[in-house]
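Notes follow once the structure below has been shown.
Order of writing sets the labels: A, B and C. Residues in every chain begin at 1.
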Amino acid sequence: MLQFSRKNFFQIKNDIKSNDIKELIKKSNFIEEKIKSNFELSEISSLDNLRNHSIIFLEEDIKESLYNIDDIIIVTNKLNIFENKNYQNTIFVKNLNEAYNNIINFMYIHEDCLDYVDEFDLLNNSYISKSAFVHNSSKIFNNCVIGRGVEIGKNCIIKNNVVIKNSIIKDNVTICDNTSIGTTGFGFDFKNRGSSNLNPQIGIVIIDNNVHIGSSCTIDRGKIDYTYIGKNSMIDNLVHIAHNVHIGDNACIAAQTGISGSVIIGDNVTIGGQVGFAGHINIGQNVVIAAKSGVTKNINDNSVVAGFPAIDINKWKRNVIKGRKNGHQ
Amino acid sequence: MLQFSRKNFFQIKNDIKSNDIKELIKKSNFIEEKIKSNFELSEISSLDNLRNHSIIFLEEDIKESLYNIDDIIIVTNKLNIFENKNYQNTIFVKNLNEAYNNIINFMYIHEDCLDYVDEFDLLNNSYISKSAFVHNSSKIFNNCVIGRGVEIGKNCIIKNNVVIKNSIIKDNVTICDNTSIGTTGFGFDFKNRGSSNLNPQIGIVIIDNNVHIGSSCTIDRGKIDYTYIGKNSMIDNLVHIAHNVHIGDNACIAAQTGISGSVIIGDNVTIGGQVGFAGHINIGQNVVIAAKSGVTKNINDNSVVAGFPAIDINKWKRNVIKGRKNGHQ
Amino acid sequence: MLQFSRKNFFQIKNDIKSNDIKELIKKSNFIEEKIKSNFELSEISSLDNLRNHSIIFLEEDIKESLYNIDDIIIVTNKLNIFENKNYQNTIFVKNLNEAYNNIINFMYIHEDCLDYVDEFDLLNNSYISKSAFVHNSSKIFNNCVIGRGVEIGKNCIIKNNVVIKNSIIKDNVTICDNTSIGTTGFGFDFKNRGSSNLNPQIGIVIIDNNVHIGSSCTIDRGKIDYTYIGKNSMIDNLVHIAHNVHIGDNACIAAQTGISGSVIIGDNVTIGGQVGFAGHINIGQNVVIAAKSGVTKNINDNSVVAGFPAIDINKWKRNVIKGRKNGHQ
């Protein structure tokens, strides 16, 4: 797990202690709590990245690694998690999304808040946050916006009208015109819609060395951790990459493909155009996915798939031929 | 039907009377007219929104409500409409598109005319029309363009490089980077193509309270009336919404979906990514449409559909399984 | 074949002679050469556009027309081409992509190089290269970028936040908001990925008279020659057109369609939304392609196709009906 300093990107609005959390949640959908002491909290954890002195929002099975974290508050809507004897500091709530939204919006300012502000310098016709770092070997074209805390490494080319926020861009990266990086992930409680119910997205995007990203792409930042694009990956135009997606090294992704939230993709994949992915699936290494596929399940290493739902490409071809014969009878 | 003041968005080029219309049309594809008096005309009607002192371009069946409108000129290419005894002021033309284009371009200036101009203030690094209204509680980021007559309500967040024209944005709306709202609809006579034959689009976009719109979306304005997005709707990245589409409250629309012109969608729909819709169809309330579906027909309330052409999702799943068995024989 | 002056768009970095080419290639993947004299080279050829005093990179069958070109250097990775007795000036290399990249990057500066610079005037809130030509009857809205050497003819409307580079735009063309024209094609050696291995794209885009292009489209420039859009063509929003595509006159292309590299499309085609094309195929005249089709093969004149892989639309409809019957048994 790569580490980043969240406060570089998301201004801390309020320092917080465990008792504050209790008070915040009691206002709305609190059921019961078992927090014994009042300790300081400085971070948010995910199951993939547990931190001391943090809060975690938990609705899935518990990993044993959680037992060893100091001063972690577990907010959960699952009774079995709340009643687990291994945890000291647990809060039981009705609506986990609402708890998440209230706590994060109390702790952090992010770009989906009205009180978010940033200060810019106008540099070569682009607005660059005073808190951003752009290596002097890198080139930024016109009408770009480089937001708070963004880091851009060596020898990068950021073309025109590009928006980069909440992101770390490493070396030799090219980002083409009208692309948006570090945008807000599409995360919310399906039962409680509207812009005010959007889950605050306080993660970032990390783009590794030597990546090429085409025009009019959108890459959403992680919800708590990060969206990642591996070294030497090539991404064509109008590609959508949702929050928390991890793409390995040497990917090739053709135009108009969309990758849903939390998809994990191995190294050396080749993905055709207009492919779609269901969320939260794993794609192995060296996988080839034909254009227009709809990938609904995990795909093993070294597979070649096609169709919707995507299956082995040879089976898909036989189905197409057979389907036509049936159609013509 | 919501009402808006067209002249806030589209400058009136020429005041017009019924005799002017006759002259305009006689120049080109006029056949016959039965206009008895010379009266003032101040608006354009559609079948959904009939107005006194207006012009309507008619090729579909007539609604009886039309009989009661004062001083309406009916321009039609259908003999049965022209010969209908209930109408006094009717013009019979060969080519209805050409008549529409000539009359609208005579009456109005719009952004697809060379003589369109607008004056802007540069405010926080964005160009805001002197005739636009932005509530002071709303925030506009960098490199945006807010065009003539646009209204933006309270507590809205308009991110970077966003273009909003010909639109009314209500309260608590978030619009993410590189999105274009109020753009020109893709309307023209299929037999007579080219930019100069585009039908003038003199409607607007209305986005209701608490809507979230992602990055790099395009929402075209109505042709005569408006494109509408209902309260609390959530729209992901790279979504295309064509002219005259109406989307109800609480919609959730995932990335890269495209909604063709004049589609009407009820409340509480959930639409997956990369879905496409044929034009002029109706989607009921509480409908769920699986990712990558191609919706070609009306969908009833409470349906769950998938596939292309989209059908009941359980039938679709059975077809997929059966198709594979056939394929493997 | 239309001609354009490459140096208007791509600055010449180094004048070059045939002996320089030998030296450049010897550094890396050179095998053998048979170049007898040292002559000046001023251009790059393609099989579609052979020029005297030029270099051509060849891996396909040879056309006899090549025999008559003066002072052309053939760089090839095919032994049979190298051994062809008709050629005097031939270089045999292991990796043709690497040879192309090294030679082009030595000869030309392009926007994917760190040493690319351009100088702009700020005109009506848009950055316009000092070397661009915009006819004074044309209108450019806000936050646009018009790059080096671009020519824009009469009566064009370039809306907001549009990026146009490496392009010739003829008369009466409308380009809508947030669209990018002349962007970098997605060309590289699949075995050797990463931004530094991108094939330099030193061609342009030519958009002919009276074309309408929607919002958030991406049109990549040619690799060596040009991407072309014919007269009176209408292109909807979020359409992707890859490098070297040629589209005839009077095309209608609906939203979110993607056209892969080197596809050739005849006159008078109508293409629905969300259609995809395999690369390097030919589509005839008067072809209609239904929405969501995946076109994988050449299509004859006057065909109407649908489905993926796209077939005659009547066969496709029968297959759909038959597939459903099978599914329901």
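Throughout what follows, a residue touches a chain if its C-beta (ideal position, glycine included) is under 8 Å from a C-beta of that chain, and two chains touch if they have at least 3 such contacts.
Since the structure is predicted, the reported quantities are computational estimates derived from the model, not experimental observations.
Undergrad: Please state the rotation angle, between 0 and 180 degrees and to the nearest 5, that superposes the Cα atoms of chain B on chain C.
TA: When the C-alpha atoms are superposed, chain B turns by 120 degrees onto chain C.
Undergrad: At the interface of chain A with chain C, does the proportion of residue numbers present on both copies reach over half, so same, or stay under half, so different?
TA: Interface between chain A and chain C is built from largely different residues.
Undergrad: Between chain A and chain C, what is the gap in Å from one C-alpha centre to the other?
TA: Roughly 33 Å separates the two chain centres.
Undergrad: Which residues of chain B are in contact with two or more other chains?
TA: 143, 161, 178, 216, 238, 256, 274, 320, 323, 326
Undergrad: Quick one: in the complex, what on chain B touches chain A?
TA: 125, 137, 139, 141-143, 155, 157, 159-161, 172-174, 176-178, 209-212, 214-216, 231-234, 236-238, 250-252, 254-256, 270, 273-274, 291-292, 320, 323-324, 326-329
Undergrad: Touching residues of chain A toward chain B in the complex: what are they?
TA: That would be residues 111-112, 114, 116, 120, 122, 127, 143, 145, 161, 163, 165, 178-180, 183-184, 186, 188, 190, 193-198, 216-218, 220, 238, 240, 242, 256, 258, 260, 274, 276, 278, 294, 308-309, 311, 315, 318-320, 322-323, 326 of chain A.
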